[in-house]
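So that you can tell them apart, the chains are marked A, B, C, D and E in the order they are listed, and the count of residues begins at 1 in each.
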């Protein structure tokens, strides 16, 4: 099967993630969307791995997954911190710093 | 042919669930839709002969991330607690759509302008190869990853832990009483 | 020990400069006043001695010249300008005249300025010494550049001396007015010099630039002359210059400095002779000024102003003569005029010193009280009026002859009319000053002021009376031809002079007729008092120059600088505006990242 | 002798460093150290003049100290005839400037430190034979100005008016900090342009050195010279007050303390003109020939416009500042003539104007210090209370209006002759007109301040020059006369160098 | 493929750093042994020791099958990072001790972890390793940015989560973008070996991948339009950390960019050069202009830093060894200068200031040395002679000019003057405005030491830039053969 549909799929998923990041107000919603973007990366990697016929892409994807998880953990910690300090997690509400 | 059909079905589910992740009003639903997306991705990986990655995907993402996210939702629910909403700011939808569409357009355009990318092969990579790769070529990255995870752990705890709040309001000079 | 002429000249030139420097730099000397005065007089006496010796030498050997120069400004491998000394038949007599008059005036000043505070006197004599040096530099200049240097320096001393009473606003005004007007004219002079050096490669008056350039150069230089020698319409500063102490008026603004323009033309006559146009212009302007200034002199009520306009008028004669080609006429009249006009001014000074006023109306009946002054003043007046055998008669005669010779009929008519008017206004002055009844307390108690003030009068009176007979000697020294001969026009000139005296006596000489006489000249008075020329210049200064200056000052501050400020302002505003891009909303930040990525990628792929 | 130039440049700097060790309270010591630094440089400058072999000409007393070999940068110092004259100028002005600011009270130690650093930069520029070092010194000379004006300057109100009145909301126009900032920014924009051209020359010459003699020998393409020259002209010109980039000058000079005004108008503005000539015209002759008409026209505008602006001012410092703008126009006019006489005149005018304006600002400082006002119309009759100040002010004024016997005359005469001999003879006419306008405003100013009845009772602190101030006045005044009477003292140096530098230009325009 | 002990030789310094990290962690865990400032001083000492060791240890050679390449290039960056880390750690001691007494050890552990990621980056020749070290550098920074969560001074506690979250959100999106680009580049070239990336046949998709990577890394260096987090995060986070954040990760970002672009795709600069130029222009313009309108010193320095990044991008865009050595020199100059500037801000705000320009009023009279130090840093940032920043700008301009970017040089030069305006606002406050509080600024000893080191760097390299420049030149040359300048397409 051709590689292009996979890449297209990943691109679409990535774009949906971007849409989510840009439109969600809730920080956790944004994090979810970031997950979509990261997931798109993994699809790319695994698809390429298949195309190359080597394990390299998969290894890459595993690293990517691990890193994403680490990011999410930190992100959630920050969100909780934000919640503690502001009693909400609305991204656009946290805009005391500007200019 | 079966490949295409399977791919079509999986990708349709994938995209649909992803769209729901970003559009559903209920945040808990969004988390669950993300779980669906991640599982569908794992399925896709299986069709791409990457069962190990699929397994990790399920384990780490669906098992770990989704749980974390749910915790996060619970912890940060509004104090009135009536609705758990993933508010979408109405003014942002249009521009966000525009940006996402433009991004997709650029990527799709690049894809379409790129001549024959070749097909996927049917070679199935054995899991051992992956493990081998971890411990040889990428051992350094692997080791580093552990440091990364350690740092993440320390950092997350330091950020999220509550108990040092009260203590730190009055500086203690960082020195404990001897003995 | 034989003293070379060069040494004499240098000693003559630099002794006064040394005196000036000494008085200027040594504060106690200046503060004391009297020692400074004597130092200055000693210096001018040295100059006089040297000048006299030079004159003698010249008489003995009237040929040749002494020229000593050194390179002053180099330009590349050549020399742009030289300075030095030139001793010849033109410079030596003038130098003598200068030193004689200067000596007389300084001695006179000793008495005249006696009432001034000591430091002011020190300053006064320092200026005088500086003037002698500057004028000497002008006279002995070997080229037009050095002449110009001296020219400007005498302008400076003129400025300083007119403004001697600097705390008096009118004096202050008069001083800068004199400087501005002459400086304005000197711009043309300088431009002429620049043309000269550019065309001929030197500042020498013997260079002969091609015809059109010659006209341009001489015309430009002549504008400078008009300024310095107070020719219409640049004469306006001279009457105001009478704000200075009267001896200053005698020396600078009658005898020597104002005559520098005439001297310049005499000096540079080879150059001026190259252009018929310039000569014609000179005659016209000279003759017009001679008449115009004489007319105004008739109605002045200030004794010094009468003499000032008279000076304008007489300088007009000289310039007209030079324009008509009579170098001798111009130079001769310059010499005689220096004597009698200095005499007249010093006489006036003596009178003013006595009555404490310049106004003719405050005088009267002084002849009985100041007999010597009266006699000498009248000698001067007669010389000025051109009554034979006084000096003015001979020189004026020569000028009128030159007009006939050059067939300048219109100027001749003007000069003849001027001769009549000259006699008229001098008679008026003499009468109103010395005869009739004293009109003020001061005039009642007027008296002579001792030998120091009288002696110079006598010396000058002798010269005024007798100088005319030495025309031939002078001519020999000049190296020019001169033979006195009585011509119809000369007779007419003296006749008109006598007529003028008569008319004057009729008008002012008979008690009680004065009022009617004024009615007679009323139209002239209107003309004079309106000061149309002066007003035009004032208008140019106030309404054009000052307004332009204020406009430009405003423009620079608020438009040119405004634009600079605006650029800074706009940059800062832009910064403030761009600041709003950082909205504080993290999603906007992410949006920027995505948009940036899309644009970059799109540009890379499709661009 | 080999290190003489280095010593001249270093002396003020070393004195500045030494000053840091002197306690602030020891005011006399602070001043003496500063004066020592200035004296060493002045003495060194005189030594340079005496040791410069006129017969040999060219660059002498050369010394080179490697600095950044990888870029071909070295501290190359050498003096030509122009340098000699401008070194003397800087030495004299600095010395007089230290004397004139003797009575400064507030934070005087820091003041002298910055002042001396600035002076070191000025000396450096005049003897640099490495384009990069030239620029470096140029910057050192310009930058301390910000603090010198910003801290020790004075403020005044400027009425809000004109089409750009809204900028008053944002800027404190007339304030010393505003003036300091404006000056610094405008000059640094200029520096940026200079830097650009310096790189262009460096790259274009391709010799990997900033040695000016090497860069000077390089043949730059015509197209490059044509774009590079105006940038240099603008860059350096902004410092020499070229219209319309002169507007920092009135505000800057008006706000600056006495010694700073003296140095700035007296020496710093010359750096700009020197740069235009030494770097722009000598090293980019084709550009110079192409752009000379514009340079000349703008110079003429400077002369007349500056003089008229000065005439329209009421603030004493503004009058003198605008007169500097006008007189620097004379320098630029001389440069634009591209003739030997004109160039001699331009460099001589740098010298003459430096001394003259130094004297002016010293006097303005004295008057301001005693009268506490700079508004000329409010003054009057000061001559009675401060005769020496009046005399020297008049002397400076006479030099500025080009009276023979003062240095100003010599310079203007040569420039105007050069202008007439150039391809654009008419330049001489507005030039001369400017001299006349100068006579108008200078004498008017003298009359308004020193002449007339007075002084009014409120000017009870008026006093004549005192001790060290006398020193400053006498030195500068004497220089004006000495160099006006016997210009050969430095003109010989200038004239020894000019034909050499003008060679390339003359070749291009086919002049003999 | 196997590896041997020899493989670790090029990584000696990094391993030492890792060991140091563990040491600090252990010391911190054993609180009774005396936590306090020990962790900070220990970290600083470790970093300083490794920095010194870097001059004696041979770290050249390649390791792990070419995944890592030691040598002058990597070493240069390592030193910059170690220097920045040491100064920042030293500068943090009093700050952390006073404000986060319960979280001192973690602070330094995270700092060291981030540093470990950085020191590896320039030597990385493998995409996976690149990704991991990039993240190792980044994730601790997210956390450290929120460190002020309990600091009640001037509302820091309220701002900290916001600033950190902004950094985080922009960061993760950028990371995702980078990774997406990385996945495309990897996929299309079929290798994770960076040295072989250039061999892939160029295609629009590859270009897209490459540029997405550049965009993602643009976040790290804070180039416009990926810069928006910079001022907010700087304002919110603890100043000594900001000092570190403002230099080390940015330089590391450049290292990563250089690894990918100059090493991976050095053969076809046309693909990425225009992008860098565009980013450079945007950064210089926006950074310098917006800085004009700032009243908070940290925000001002943030925007000024954005402008500085523009100059570094200009150097990068000059391509070739000329550009690269210039970039290296600039990074070093920028590191020491900006660190110093922020540490002065810390010194002032630690003693009652509030980061506003106004709080610098009269500093020259309160603490002349501190004011002079700040002045020197500001002059260096502005690019004024005799401090290192001048040479940095100079080299950039020369390199850019030689690369045919004359117009960019003109723009940069003019904007440098704009920059001077806002730097002078601080200088003005220090020297011309009378102080509101006359008291001397009390500065901790460690902070003072850190400042002295920075000053030494700024002035030392300002007076004698040659050694540093030669070092940078050697490092640039040791990089994989870069394209000759002639082949660089001139940008219209």
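Throughout what follows, a residue touches a chain if its C-beta (ideal position, glycine included) is under 8 Å from a C-beta of that chain, and two chains touch if they have at least 3 such contacts.
Because the structure is predicted, anything quoted here is derived from the model rather than measured.
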Chain labels contacting subunit C and also subunit E: A, B, D
Smallest count of steps, each to a touching chain, taking subunit A to subunit C: 1
Chain of greatest Cα-centre distance to subunit D: B
Chain separated most widely from subunit E, comparing mean CA positions: C
Subunit D-subunit E separation of Cα centroids, rounded to whole Å: 43
CA centroid of subunit B to CA centroid of subunit C, Å: 101
Subunit B-subunit D separation of Cα centroids, rounded to whole Å: 68
Separation of mean Cα positions, subunit B and subunit A [Å, integer]: 5
Contacts with two or more other chains, residues of subunit C listed in rising order: 572, 579, 582, 584, 586-587, 590-591, 594-595, 597, 601, 605
Subunit A, residues touching no fewer than two other chains: 7, 14, 17-18, 21-22, 27, 30, 47, 51-52, 56, 59, 63, 67, 70, 74, 77-79, 81, 84, 91-92, 94-99
Interface hub residues of subunit B, defined as touching at least two other chains: 92, 95-96, 99-100, 103, 106-107, 109-111, 113, 117, 138, 141, 145, 148, 152, 155-156, 159
Every chain pair meeting the contact rule: A-B, A-C, A-E, B-C, B-E, C-D, C-E, D-E
Touch list for subunit E against partner subunit B, complex: 1-3, 11, 18, 21, 31-32, 34-37, 63-65, 67-68, 97-104, 106, 109-110, 113-114, 116-117, 120, 126, 128-129, 131-133, 135-136, 139-140, 142-144, 146-147, 149-150, 152, 164, 188, 203-208
Subunit C residues within the subunit B interface of the complex: 587, 591, 594-595, 597-598, 601-602, 605-606
For the subunit D and subunit E complex, residues of the former touching the latter: 68-71, 136, 139-140, 143, 146-147, 150-151, 177, 181, 184-185, 188-189, 191-193, 195-196, 199-200, 202-203
Parts of subunit E lying in touch with subunit C, wherever the complex brings them together: 165-166, 169-170, 173-174, 177, 204, 207-208, 210-212, 214-216, 218-219, 224-226, 228-229, 231-232, 271-272, 274-275, 278-279, 286, 289-294, 418
Residue ranges of subunit B touching subunit A (in the complex, touch as defined): 3-4, 7, 11, 14-15, 18-19, 21-22, 27, 30-31, 34, 37-38, 41, 44-45, 48-50, 52-53, 56-57, 60-61, 64-65, 68-69, 71-73, 75-76, 78-79, 85-89, 92-93, 95-97, 99-101, 103-104, 107-108, 111, 117-121, 123, 125-126, 129-130, 132-134, 138, 141, 145, 148-149, 152-153, 155-157, 159-160, 162
